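Have a look at the structure below, then the notes.
Labels run A, B, C and D following the written order; every chain starts at residue 1.
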């Protein structure tokens, strides 16, 4: 179990690293998505109980995992998806205007 | 307190109906937008007048099991700001945007819904959701012109702001992990026996996340970029409400969840004040360099919010009152400035400092409004900015932050340097022939309204202070807030 | 109760009414005379209280000193407004009203909060007066505004220190934060080192603006100094240094109004000395000198204004027009110069005598003589150009009647005070026990003047010479450059690279974590 | 020299991230080692009482659409915002064909699959409260219909079948419906988004027509998400 938390940390930091180092816009958006996935994974882990079943109570059950983080995860997925979609369309727009995806060349705003 | 939830629903419903009206009923568009804004104003006034003592509204009637909405004086202040800014914004934008209005108003209503949700909700995750709503719609507004710069700036805004959101979300999840609840009243009770180190790390994550959205230096870089080529009425709401709502969330989280004692113990108050001082000193230096008026005002916003941070972070009653008062005042003053610049850019497409040369003689009353607002924002009497700055300095001195108080005065001087430059440019005679589109009354009226508020709140500060003085009761001592929310 | 300050402010508001251009004459007349009458009938000891936020403010409080100052301010206001009402535009007239009104309110204010607000309002209105007045004064106005706001912020800081130390805002001598208050006052009254705004402003601004400014700006500084920081003996020497500096600089100027500005510095030196002695005699001497100084300096500025109005420039050579074409102005100028030089039977003599009498240290007494001598010397230069040197100037246009009215009013008052010095004492119930017209005082009054005539005749060619190289060094501009450079460097860091911004953010995060954890 | 600078910069960035990872590790370790019988009374309550209180067997659905329905309102707004932004950024007129052409086998298979997808989506939506699924999942499945059409045929065809305006309308109706359903609670004298409290008949848990408003909210969300995702996808495709 503990190893999964380490996975969260690794994913999170990897995502942050991608965001702050990569020059390609698409890769930056990838980084955003990675961080987001790590957070969803964390949510799942928070709700996890050993040997728990899914929170659908139509049959016999003993241990049920926490339903709240699952609901939150759904919300997070949707929010993340919307934000990513907007980011992607902006990447497309930027590529159209600037003819490049290199973040270092996209700097008309200075000062 | 039925009306409280309407504060959130009404703009949402309006936005949804606007989506349909865009496709099928183009004619009712105008009536829908303005009518809804007026009804919204009415609802807001009802809610604000009932904000003391605080009221709780349980959504779905679930009590502590579900999500609650609470109106207390601090959220009442933000609703007051919405009430002051939103209708002028609607009237102004109606004329300012020459075409493609539907989407603009959809985003505007969504943004206001997000902000009012942020200030009303008492649920940590709900706060995150509404924050994202307001951020995304704010991004949508900021790229509304679809220019190169607009899209570039918005992209930077979105990336930085998403980065901040992640840290907030991480901290929110961890809070749930630690306490098993997301209700802001129950968290502090469960937080009491959590070790110091965990709490301070969590606090760091919250502070960092919100600081990006607030735009403290060096997390500020997206802000001027996002402002530079966006529709100017949006800048009014952005600097007035979007940034402030992040301040609201930060203060709410810190003061309610962690409590003033913990803030003091962990040194967050000292860091907050110091950070504020650094921020406004640098922001003033940077603002002096700008030639674009939007960027100049953006940097000035950063500096002003740093003053607010100082006020809110000195951790005394006087400080909270002063900071909250400055929140209100800054919204009004910056709103006025942006609206005047908006009229200039509408009439003759002037957004650079050199473009407005000589306009002081062409638009005497508008320029006078600009002068009033900029003197107010600098903090010269007898305008409202002076009153709140006086209170902030006094609070800082009382709490022992002498250096902060001193540097606020230095900052006042520095801010005068660049505002005065703009004013002098405004009143320098220009021989060139200018093509001027005469601004109509619906552009001028909101501007004059906000401008006159600058003077009124400066002369009669007790008017808003009646509400504001009640704020510390429910922030400084989180016990009261918790008791009310738990159903006491 | 109507206070004279608010009367002026109401006047400014009235001028906003969209009425006919003519209305400004009526309003100006009513307001200025009304203010004068109201001030005249004020009863010392009256005060007005007002609750504002958590403070109890005293926006209006009368005692003998403030009544004296207020009276002369009102008189000068009447004269200055009637002098300039013809020439200046409506917006400028509004600003002048605000300026005079706030100066009067400062004088009658009974607490530090009101004092600060109207002190700042004076700065704002006068700066905009300069900025709006003409095309050449934009930069001057910028400089003036910044300098004065720096001063008033310093005052504000002093007030804060005082408030946090004593917990009251009442207008007593300061206990904490004196250095900051002194800086504020120094800027206002153009103390040496803080004086750079003055020659710049008064020589560049249109003449009627210069007249109005010269009446109130420095004098309010003097008044506030008497209120807040009187009796600091060491400052007497500072005043002396300032005055001597003013003399040296004044003698080196080519422009009349610059000479007059530096002469203000010298005259303010008298007042500083008087206030710093701290005795009743000294303070009242300083206040009387303030009255007299307003009278003659205003007349001088007005006279120069007439010269500028009629010939277009304020070079020394233009003064020559006075003797031939402007008889009334000539008389007024002569009276004023006699007054400023402290010749007996003219008004300056009275206050100078009181101050000299109050002094006990020989060094200061000597200094005072030196100051009188220098003052006379620099005004002999003026007399030389105006009445002795031949000139071939021609009148472009005639001075208006209202201008001459304003000037005449003040000249008459000067003569009255000069001949009957007890007039002022009786008016305000401040009685200094001095017999002005005994031999000892008269001789010591006339001596520096005679000396200066002698020196002037001997070293004529040095004094009246036109200086090519003017000394000019301004430390404030250097500081400004530093600020701009810092901003430029910082601004260059924002080069639009998103990676960089994100890196800043991450660094901040780690810093915060480190700070909060350890 | 500049090379050295580059290396330093890289090391610095790595250092920052590693430091942060270290902090996170520390934090997680501390939290994990905390007394581990943390009180999750909220979720315990949901698990023990949730079925009775809301009438939905699927507890996630009962949390999403009843206990925390306000969150769902927020996220529905998010999708709407995103869809509106995309539709706003990409002009309608600029529809272009997708580059690849497919063999007819692909087209026939897609034709075959589509009805099943529609049924599956509808099933997921309608039975969201009694079985795994729900409005979001169902909505995504429904949107796949539009997406498949776009990919295999073309944007024009997909938009000929379902007009963009219609999609937008459906999305708005979904959002408005959600809010109106919530307002039903207000009209019956209870609070906004009330369900069981407003006597909407939670019914027998496990049946299709149970759980009061939850199935209807599921339908609304399904419509919204389906239409919203279709709009988002089509907009992204259209922009070359």
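Note that a residue touches a chain if its C-beta (ideal position, glycine included) is under 8 Å from a C-beta of that chain, and two chains touch if they have at least 3 such contacts.
Each chain and its UniProt protein: A = Cation:proton antiporter subunit C; B, C = Proton-conducting transporter membrane subunit; D = MnhB domain-containing protein.
Predicted model only: the values in this text are computed from it and were never measured.
Asks: Tell me, which chains sit next to both subunit B and subunit D?
Replies: Under the touch definition, subunit B and subunit D have A, C as mutual neighbours.
Asks: Can you name the chain whose C-alpha mean lies closest to the mean of all the C-alpha atoms?
Replies: Minimum centroid-to-centroid distance belongs to B.
Asks: Please tell me whether B-C or C-D has the greater number of C-beta pairs in contact.
Replies: Of B-C and C-D, more C-beta pairs in contact link B-C.
Asks: At what distance in angstrom does the C-alpha mean of subunit C lie from that of subunit B?
Replies: Roughly 43 Å separates the two chain centres.
Asks: Per the centroid of Cα atoms for each chain, what is the distance between subunit C and subunit D, given in Å?
Replies: Going by mean C-alpha positions, subunit C sits 72 Å from subunit D.
Asks: With chain centres taken as the means of their Cα atoms, state the distance from subunit A to subunit B in Å.
Replies: Chain centres of subunit A and subunit B, defined by C-alpha means, are spaced 28 Å apart.
Asks: Hey, how far is the Cα centre of subunit A from the one of subunit C, in Å?
Replies: Distance between chain centres: 67 Å.
Asks: Residues touching two or more other chains, restricted to subunit D: which are they?
Replies: 13, 16-17, 20, 23, 40, 42-43, 46, 68, 71, 74-75, 78, 81-82, 85, 89
Asks: For subunit B, what residues touch not just one other chain but two or more?
Replies: 125, 129, 132, 136, 139-140, 143, 146, 155-156, 159, 163, 177, 197, 201, 224-225, 286, 289-290
Asks: Indicate the residues of subunit C shared as contacts by at least two other chains.
Replies: 491, 494, 496, 498, 502-503, 506-507, 509, 513, 517
Asks: Building nodes from the protein chains and edges from chain pairs that touch, which of line, ring, star, complete or other describes the result?
Replies: Shape of the chain contacts: complete, all pairs touching.
Asks: Inside the complex, what are the residues of subunit C that reach subunit B?
Replies: 53, 116-117, 120-121, 124, 128, 131-132, 135, 138-139, 141-142, 145-146, 149-150, 153, 156-157, 160, 163-164, 480, 483-484, 486-488, 490-491, 494, 496, 498, 500-502, 504-505, 507-509, 512-513, 515-517
Asks: Give the list of subunit D residues in touch with subunit A in this complex.
Replies: It comes out as residues 10, 13-14, 16-18, 20-21, 24-25, 28, 32, 40, 42-43, 46-47, 50-51, 57-60, 62-64, 68, 71-72, 74-75, 78-79, 81-82, 85-86, 89-90, 130-132, 136, 206, 225, 232, 235-236, 239-240.
Asks: In the complex formed with subunit D, which residues of subunit A make contact?
Replies: Going by the criterion above, the answer is residues 2, 5-6, 8-10, 12-13, 16-17, 20-21, 47, 54-58, 64, 66-68, 70-72, 74-75, 78-79, 81-83, 85-86, 88-90, 92-93, 96.
Asks: For subunit C, which residues count as touching subunit A in their complex?
Replies: 491, 494-499, 502-503, 506
Asks: Once bound in the complex, which stretches of subunit A touch subunit B?
Replies: Against subunit B, the touching part of subunit A is residues 12, 16, 19, 25, 28, 32, 35-36, 39, 42-43, 46, 68-69, 72, 75-76, 79, 82-83, 86-87, 90-91, 93-94, 97-98, 106-109, 111.
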